[in-house]
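Below is the structure I would like to discuss, written out as structure tokens.
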Amino acid sequence: MPLPPPLRLGLVGTGRIGTAHARTIAERVPGAVLAAVADVRAGAAGPLADTYGAVAFDDPQALIDSPDVDAVVITASSTAHSDLIVAVAGAGKPAFCEKPASMTLAEMDRALAAVDAAGTTLQVGFNRRFDAGFAAAHAAVVAGEVGQVQLMRSLTRDPGLANPAAVPPWTVFTQTLIHDFDTLLWLNPGASPVEVYATADALVAPDFADAGLLDTAVVVITFDNGARAVAEASFSAAYGYDVRAEVFGSAGMVTVGDGALTTARVSTSAGRRADTARGDVELMGDAYAGELRELVAAVREDRQPSVTGHDARRALAVALACVESVKAHAPVTVTQAQARAVAA
Amino acid sequence: MPLPPPLRLGLVGTGRIGTAHARTIAERVPGAVLAAVADVRAGAAGPLADTYGAVAFDDPQALIDSPDVDAVVITASSTAHSDLIVAVAGAGKPAFCEKPASMTLAEMDRALAAVDAAGTTLQVGFNRRFDAGFAAAHAAVVAGEVGQVQLMRSLTRDPGLANPAAVPPWTVFTQTLIHDFDTLLWLNPGASPVEVYATADALVAPDFADAGLLDTAVVVITFDNGARAVAEASFSAAYGYDVRAEVFGSAGMVTVGDGALTTARVSTSAGRRADTARGDVELMGDAYAGELRELVAAVREDRQPSVTGHDARRALAVALACVESVKAHAPVTVTQAQARAVAA
Amino acid sequence: MPLPPPLRLGLVGTGRIGTAHARTIAERVPGAVLAAVADVRAGAAGPLADTYGAVAFDDPQALIDSPDVDAVVITASSTAHSDLIVAVAGAGKPAFCEKPASMTLAEMDRALAAVDAAGTTLQVGFNRRFDAGFAAAHAAVVAGEVGQVQLMRSLTRDPGLANPAAVPPWTVFTQTLIHDFDTLLWLNPGASPVEVYATADALVAPDFADAGLLDTAVVVITFDNGARAVAEASFSAAYGYDVRAEVFGSAGMVTVGDGALTTARVSTSAGRRADTARGDVELMGDAYAGELRELVAAVREDRQPSVTGHDARRALAVALACVESVKAHAPVTVTQAQARAVAA
Amino acid sequence: MPLPPPLRLGLVGTGRIGTAHARTIAERVPGAVLAAVADVRAGAAGPLADTYGAVAFDDPQALIDSPDVDAVVITASSTAHSDLIVAVAGAGKPAFCEKPASMTLAEMDRALAAVDAAGTTLQVGFNRRFDAGFAAAHAAVVAGEVGQVQLMRSLTRDPGLANPAAVPPWTVFTQTLIHDFDTLLWLNPGASPVEVYATADALVAPDFADAGLLDTAVVVITFDNGARAVAEASFSAAYGYDVRAEVFGSAGMVTVGDGALTTARVSTSAGRRADTARGDVELMGDAYAGELRELVAAVREDRQPSVTGHDARRALAVALACVESVKAHAPVTVTQAQARAVAA
């Protein structure tokens, strides 16, 4: 029996995460090939395309429409995500989109509607779900090992803030903590967020406070099952990239995330040392491979991916409520409409 | 050179923690003896006194005034703490008082004034400070290893809620989280809390929600150096007693608290297991010994103890602000007056 | 610039490890494709070949000679390894051979001579070297962090013994501990083993003791720099697959290997649990990918692989000395000839 | 009911461990007082006696015979242990003796006979048994959690070798590893050692090799239930004091010993650090308190202590077999007579 032909992926956007995904596709996603790369910056797609023997496009629409592209991985600027999702759906092809899938609920709804209308699929890049530790934590929660969820925690700390001036306002909520919001929603299955209290500050780069930079944030989410969740983020962890979560309930607790790079421990006169993971690819590389394998599997099996645009909408609703909370300096309600889990 | 005679301690209150402290004094506090035990419940002091060869009193004042008592350990009902502190100071003797030292700031100020007027000392039972791990964390912060403090966490989870009906309102803040508030204030040296947001619920024993029981709480504290701290508590951890903290700053992070009972790890077909600490004495026994040794040392050296009533006042101010926050369903300011660190 | 064409790998032997390597090649080795599969058992190569779109051969020599095969991965029966290495060298192609590369030093020397004569390369499947933790331990040793090596440990415990009757005598040394011997030689750079004491028994499957099965073994190796190393093996670890090492020296220690499957920890009334790795692919999957990537890299860069047949010879010499030691019930010398590190 | 009067302990020997035990008795052993201190070096007992308000003796026999001494703790030079045990037994008093209780089996038998004849008791200072982790490991083995014992490990690494010239030959076996031998015998209940292979070298202080110093050793013990145990020792661990054990069996494994000083972990740009225990008192302080409490409890309850001279004899037999093995450069049999577990 001959193998099915590989799924030909087109990648739109050649920034840091686009470059990482291109490499992951080439090296760790069986059944897929990187067939095409597009970037709206003229000529930008070329080098990455060449590295992997893909075709380069300046026009994302041309990539999307190419008969040599079976599915599209969107790693462009966040503000372009919604339009690209609509375009990919319009071409009748499956899309994988980095988070945030949209910057507003209206855009998000437009994207979801386009996907639904086209009968295609949209997977969103909530990579924690594909980390083995987070997946084990989720399995423990689903299996009832922690009982009724009561207290939760999720945090993301990035290793550094390269260019504070380039960080749009509210990024800490819409780009960083959106991962944690999805994690918390996922780890509290069946529950919906009803209220959010958020506080944020410019502690890493205080010189940019006046420009609106918020680089440190803490969020408390109250769920309709009474659970309280805390999400935390910082743009600068001296020791590297740090992603952890905890779920505590009536029957126990599950924690996930350790940060040690390997199992090696060096003990010297200075004590015992574990090297820490320094970047997201180092820490989450297996999860990046996992989510792109899920893309291929879902397409092959003609089914919805395990994390969809509806999940993205729920997390976005929390992120936007955080913005409101900071502005209001008060807890704010996540409306039913915002929080609803739309049936796939 | 003959040894100095032992410090003769009087213990007021023979509940769970009083009993634990009596045993600790007898077994692990060199230079001290348990000389007297009092309990306002007639006859209640007898058995504990007998166990350790101490004299029993029904009247705490008689114990306080006894010429055979050099210093007094107050482990009575919380509502009696302030009056007892005032009485001990009135007798010109050093006092150790379990937390909370008072239930209101007015009472606290009265107690502090009495101690100051008498020129005596007051140590408060914030035991985390005497746990080796917490002490190492504090030392790391003071040494600058984490840099400028930006994000903090402290949690206390008790192993169970024996009698929900007996728990006074706001206990989760004034009795449980007050430990965490002291921990957070201590681990952020030089900073003062400026705002508190608290949320709490009855998730462990929902049947008692109508009676005002709050058994699960999350608090966000904003400090004047910008740091955000999260304190969490639950009255029922299935796996035992859980006390942890984390300080994250510009140069790194320190975490403390593990929960494993010993270094033994058993690996079987069910995976690898670490037994967890089931009770506070099991987890914090060394810290209980440490704080009572500090009591003896401070008296011997005629100095202030390392944790005083002024620390208790600061933590109480945060706890009371939490009560206000829950009532107001909003963040509330910790006033300057409340938060001030009064010079010892 | 077009990508170089992929390296076309031929796989000889479709047992458990051959099947694992086939999957790894297909999924995680960029720049390589599984082009051909051979198995001397008639028809056995077909299903695995079909799974990955490769050509099936019954005759390994035909695969080796195929113009569509650039390099050969040998995962056949151990007794066939030497002849296959010679055949691959004879075809002027690079070979990767699972351990043990040979069963006797004479065979090993014949294989090495064939490779040298042909000017080709031979990589041997000592996978610990490609595990991130072991690599970090090696880096620490090479960097001098542990100082002069004095005490070492390496262990391998398999999760189970499926068919004791099928296990050839001395397998525990020549098939299992040979991994540990390579690890210990590698982690004590510049030193050579001078003496071996080995003891072994049938503790897992005592019914097979009379048939010569040895399923549990302990070996002490004395090196010419004075270091003593202990290697241990068992054929049945109830908790899964366990691979660890430790190097202790004048300046400190490095340990590697943990066995926890993920970073998730579940705490319940039964204590805290970490799931353990149950199989070699689960625990060493990344290392399997790493060694096959090294095969591709070495061929591409026209250089020797980082672990060669000469390393295999050194480890084999120790394994054979263990057999002698058990027979003699005494420590035995590893002769200079056996232990020599032949310049690549 | 009045408390029983405290057990009055006499301490013979004021070296490092004697000083540590004196402090432990004073601070952490309820129901006991340090009543007397003796040291054969004229005047040496005085300072330690003064520190704790005890009476000083130059003549150990005078202390032993003193009516103010109820039991004797022997921390003198190892060569004096046997005679002191005989003398304490002769006075009809219970003895606690640091390891090794004797230097030869003949002396040991003489001491055991004296204790038996006098109907008194002898406890030996195998402190691992009183460490919470080791005790949990033992409990796991006894409970059958690891099944049939097959492979074991125990190690002791001291933080440094202060004065190599003062170390008697074979100290690594008779003074250091004797702890590990007791640990291994204890953790393999019901089994007896049948053969020992030992190898040792001067790697820490090679300049003293010619003077007979052996500072690094590895021992393999074969038990009559087939289990193989490895004991390892070094006189100089750069990172501190290191005591660990492992028992592997048909149903699983238990490990014990971690070396981290506290639960604090500091993560900085250099990675994550745990401080390590630097000395035996730091690491084993609770165990020291535990064994002395057992002394008091056994006397109070008029029973044998949980670790007796018979245990000391078994461990000594292994140590002496190690000496033979090194001399013979071969495995040697531990004779039935040596290994027999004499009924208490």
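Going in written order, the chains are labelled A, B, C and D, and every chain counts its residues from 1.
By definition in this document, a contact is a pair of C-beta atoms (placed from the backbone, for glycine too) under 8 Å apart; a residue touches a chain by one contact, two chains touch by 3 or more.
Source: prediction; values computed, not measured.
Novice: What is the shortest path, in steps, from chain A to chain D when you may only step between chains that touch?
Specialist: 1
Novice: Of all chains present, which has the mean Cα position farthest from that of chain D?
Specialist: It is A whose centre lies farthest from that of chain D.
Novice: Mind checking the centre-to-centre distance between chain A and chain C? Centres are C-alpha means, answer in whole Å.
Specialist: Once rounded, the distance between the two centres reads 38 Å.
Novice: Can you list every residue of chain B that touches 2 or more other chains, as numbers and ranges?
Specialist: Touching at least two other chains: 238-239, 251-253, 261, 267-269, 275.
Novice: In their complex, what parts of chain B are in touch with chain C?
Specialist: 238-239, 259-261, 267-276
Novice: Quick one: which bits of chain A touch chain B in the complex? Just the residue numbers, please.
Specialist: 147-148, 150-151, 153, 157, 197, 199, 201, 203-204, 206, 216-218, 220, 222, 226-228, 230, 232, 234, 236-239, 242, 248, 250-253, 329-331
Novice: Report the residues of chain D in contact with chain B in the complex, numbered from low to high.
Specialist: Touch list, chain D to chain B: 1-3, 26-30, 50-53, 132-137, 140, 145-146, 251-258, 261-269, 275.
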